[in-house]
Amino acid sequence: MLVALFIIISVTFFISKLLPGTPFADDKLTPHIRQQLFEKYGLDEPVTVQYVKYMANVAQGDLGNSFYFESRPVTQMILQRLPVSMFIGIQAVVFGLVVGMVLGIVAALRHNTVWDTLAVVIAIIGVSVPTFVLGPLLQYWLGLKLGLFPIAFFESYKYSVLPSLALSVFVVSTVARFIRTEMLEVMGQDYVTLAKAKGLSGLAVILRHVLRNALIPLVTVMAPLTIYLITGSLVVEQIFAVPGIGEQFVQSVVVNDYSMILGTTVFFSVLFIFALLIQDILYGIIDPRIRIAGAKE
Amino acid sequence: MASANGDNILRVEDLEISFSTQAGEVQAVRGVSFELRQGETLAIVGESGSGKTVTAKSLMRLLPEANTRIKGGEAIFEGQDLLKLSEKRMQAVRGPKIAMVFQDPMTSLDPTMKVGHQITESLKRHLGMSGNRARERAVELLEMVGIPNAEERVRQYPHQFSGGMRQRVVIAIALACEPQILIADEPTTALDVTIQAQILELLRDLQERIGTSVILITHDLGVVAQTAYRVAVMYGGKVVETGTVREIFYNPQMPYTWGLLSSIPLPTADRSQDLIPIPGSPPDMSDPPEGCPFTPRCPYAMRICAEEMPGYTTFSAEHKAACWLHHPMAPDVEPPVKVRDAR
Amino acid sequence: MDTRHRELEPGLFEAAEVDRDEGERIAGPRVGFWKDSWIRLKKNRGALISLAVVLFLFAMAFVIDPLLSPHSPYSQDLTRRYLGPTADYWFGTDEFGRDMWTRVWAGTRVSLYIGLLAALLDIFVGVVYGAISGFLGGRTDEVMQRGIEILNGIPYLIVAILAMIVFQPGIITISIALGLTGWTFMARIVRGRMLQLKNQEFALASRALGASGFRLVWKHLIPNSLGLIVINLMFTIPAAIFAEAFLSFIGLGIQVPEASLGSLISDGAGELRFHPYLLWFPSIIFCLLMICFNLLGDGLRDALDPKMRK
């Protein structure tokens, strides 16, 4: 996993070196000043040297300075915007998980009834309607027409509602579909029939046996969800003008702030790998079959 | 082999069960009747598709509600018809009165719950035991079914047990509340032969100690010989012959039973003996035949066999069979050589 | 019920002509695997409707609109800016007076092109890569898998974004970005299937009869993977369309004056306050595409799943 991270960062670095033009393409700069800037940023050194220096820096958490905002370190800029993005993201996930689980569980318990079909339809729509359609939709209906929530910027808690909502729809749908499938499969298992044969009440069977087994695989959804959140934040922050990491990233692309682009990409990659790691660990803890290697008689 | 002690503890009459599937109505059980005596082991024998598992599960009302219909019949236990009890009353029956052991020990236990907990669940629910007492009892039960190191094992998960051990756990769970009836659905089919013998012996043992009456479902006559006192042979959703083990093995009266016996090696046989399988395959239960279901595969079939279902002919207090060959107007036939020799 | 004493006709007790094979009659008519799946798919109304809608959208975008429409997606008419839907302009006009109807369908063409490209890449690169990797196994497989892991490790969108930056944003660039990473999932799946099939009995039997590697793959292993491949295609296409729309939305994809559904939605979102219709139309078409492909994919998955056969 660390290997993958290493490769990702390296590749990103080299790609950024391919970027056309130089970061300081502003015509107003005289060649002399440009040369000075180059030296300052170490851009005049051979690529391999730059590479080594860069990797060493990254390992220490130093992602260099933004080319656009000259004196500001990329790492600091990212971390500064992190809380907003995280807040909206985590709120979306929590909400999505809760609603998704309820939807999925109800659908499974009322399999082949109206509720089941309804839940499946909602879920399919949820995964098909992208955030960049949903966002404006929410802005229009809940924001403009009904005036319930603000549609841009981030001044107080209320401002986070619509962005999180927009993000959460996909989460709700994915989780609901997943849980429904898992539960249906578990409910058909022998051990559930045995639990019933023990004379346990329906509720007990579901709470103690079905749910536990059905929820465990949910952990595997973590990594894809993280990717979704990352890319989703790019969209949502644009639409709702939220000052988060995503918006900053898009901005840096527009102004060709290569250092920032590179730095944020590295950050995203780290986040993703981190999520994978946590997913693996969590799975190992939750599932007793993995936690305790089978010791047969 | 526990013998009868006179009283009926369970009486099943004319049980009819159908499933509605995409292919139409499947009549799995079409008029099954039998009795279970106090303290005995009754074996229900049949091929897959004969309706034996469906019958068993119906007694505990464990069949999927959505597409199962109990079309008729009754199952009288302790003065009540099990088929008509409400779900709530049924929950009080399952466990303390009637318990079940399933076929595949690898899938019968919840993989995410400790083995001990799976036992104490039952104890707490039905016997109202406190946590500590229940735990102690669980350990006792594990010891009773022959699991070494029970103290340690009780805290382990199912995947840490082998197949045979898991089946013992399942038995422990079933017997935790000392039920009056234990239904064992092919309890040894998924196990190695040597383990099989151990499990059967365990069942016999426990039965004597606790005094449970056992319904043993199997397709294996060898298992029947080892454990049962009485046998009910099922085919095509009906009971075609019942009797004591001796009667069935030494004086079978129905061609299907003859076929079953001819297709297994008997200990008394000499090596020149053929194993004669029964040709053909079980009937399609979505379109069941009018008459005797065994007709297409029966070497002695007569015209009336395909048209009408025969009634039972009684041969002794326990022994009866349903076959047109017993009608006075039917020709006399000799059962196949093997069966004759066994006598 | 004692049968001994009922009076019955003697003729009934003659030996019967019994069809021994009756029991062996296979319940239900014999049907090939594909036909069977098609029958099952037909029962799934959602999937069928989706199929119809997708075909319709294809037809609209590539055939009907180019033939019918009197307007061009580029021609501006500043005297007719921001018209809502009218008789002349079914979807209204945008800020430059361009006809939205044609623009939307032009955008749909772009999106569908991307989807098709993704599908083709899946087939020609993904399947081949996966088949080779899985079939050859051993070291070759390991090396090839590492390659995929690396490609996969980078979130696909980031690769696309980076590619956008290196090369000018535009349809070629998107195609390249897609080409680099969009097929890896298919490759993985096909490889897995190869590994699975390789060791099954029919493959061993075929080899025992002298089938060479290529023949084995071509005639046996690939046909047995077709179901899986088709299902996966149904999900790759919307994923690609989505990815392109996403990039266009951020401004990294299709640039003006070209249009893709994503860029149209992006523009529409900006005009939300006063001209929401600019958002609705491309959004509806886009969502229709997404929903239908997803439903189709789900339906196909159910239909091709042999475990569900009755």
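Letters A, B and C name the chains as they come in the text, with residue numbers starting at 1 for each one.
What we mean here is this: a residue touches a chain if its C-beta (ideal position, glycine included) is under 8 Å from a C-beta of that chain, and two chains touch if they have at least 3 such contacts.
Source: prediction; values computed, not measured.
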Per-chain CA centroid nearest to the all-protein CA mean: C
Most distant chain from chain C by Cα centroid: B
Centroid spacing, where centroids are CA-atom means, of chain B and chain C in whole angstrom: 49
Centre-of-Cα separation between chain B and chain A, whole angstrom: 54
Whole-Å gap between the CA centroids of chain A and chain C: 25
Contacting residues of chain B [partner chain A, same complex]: 60, 62, 66, 87, 90-96, 99-100, 102, 104, 107-113, 121-122, 125-126, 148, 156-157, 159-162, 165, 170, 173
Chain A residues within the chain C interface of the complex: 4-5, 7-8, 11-12, 15-16, 18-20, 124-125, 127-130, 132-133, 135-137, 139-140, 144, 227, 230-231, 234-235, 238-239, 250, 253-254, 256, 261, 265, 268-269, 272-273
Chain C-touching residues of chain B, taken from the complex the two chains share: 21-23, 279-284, 286, 295-298, 300-307, 310-314, 324, 326-331
Chain C residues within the chain B interface of the complex: 1-6, 8, 10-16, 18-24, 27-28, 310
Chain A contact footprint on chain C (complex, rising order): 149-150, 153-155, 157-158, 161-162, 164-166, 238, 242, 245-246, 249-252, 262, 265-266, 268-269, 272-273, 276, 279, 283, 286-287, 290-291, 294-295, 298
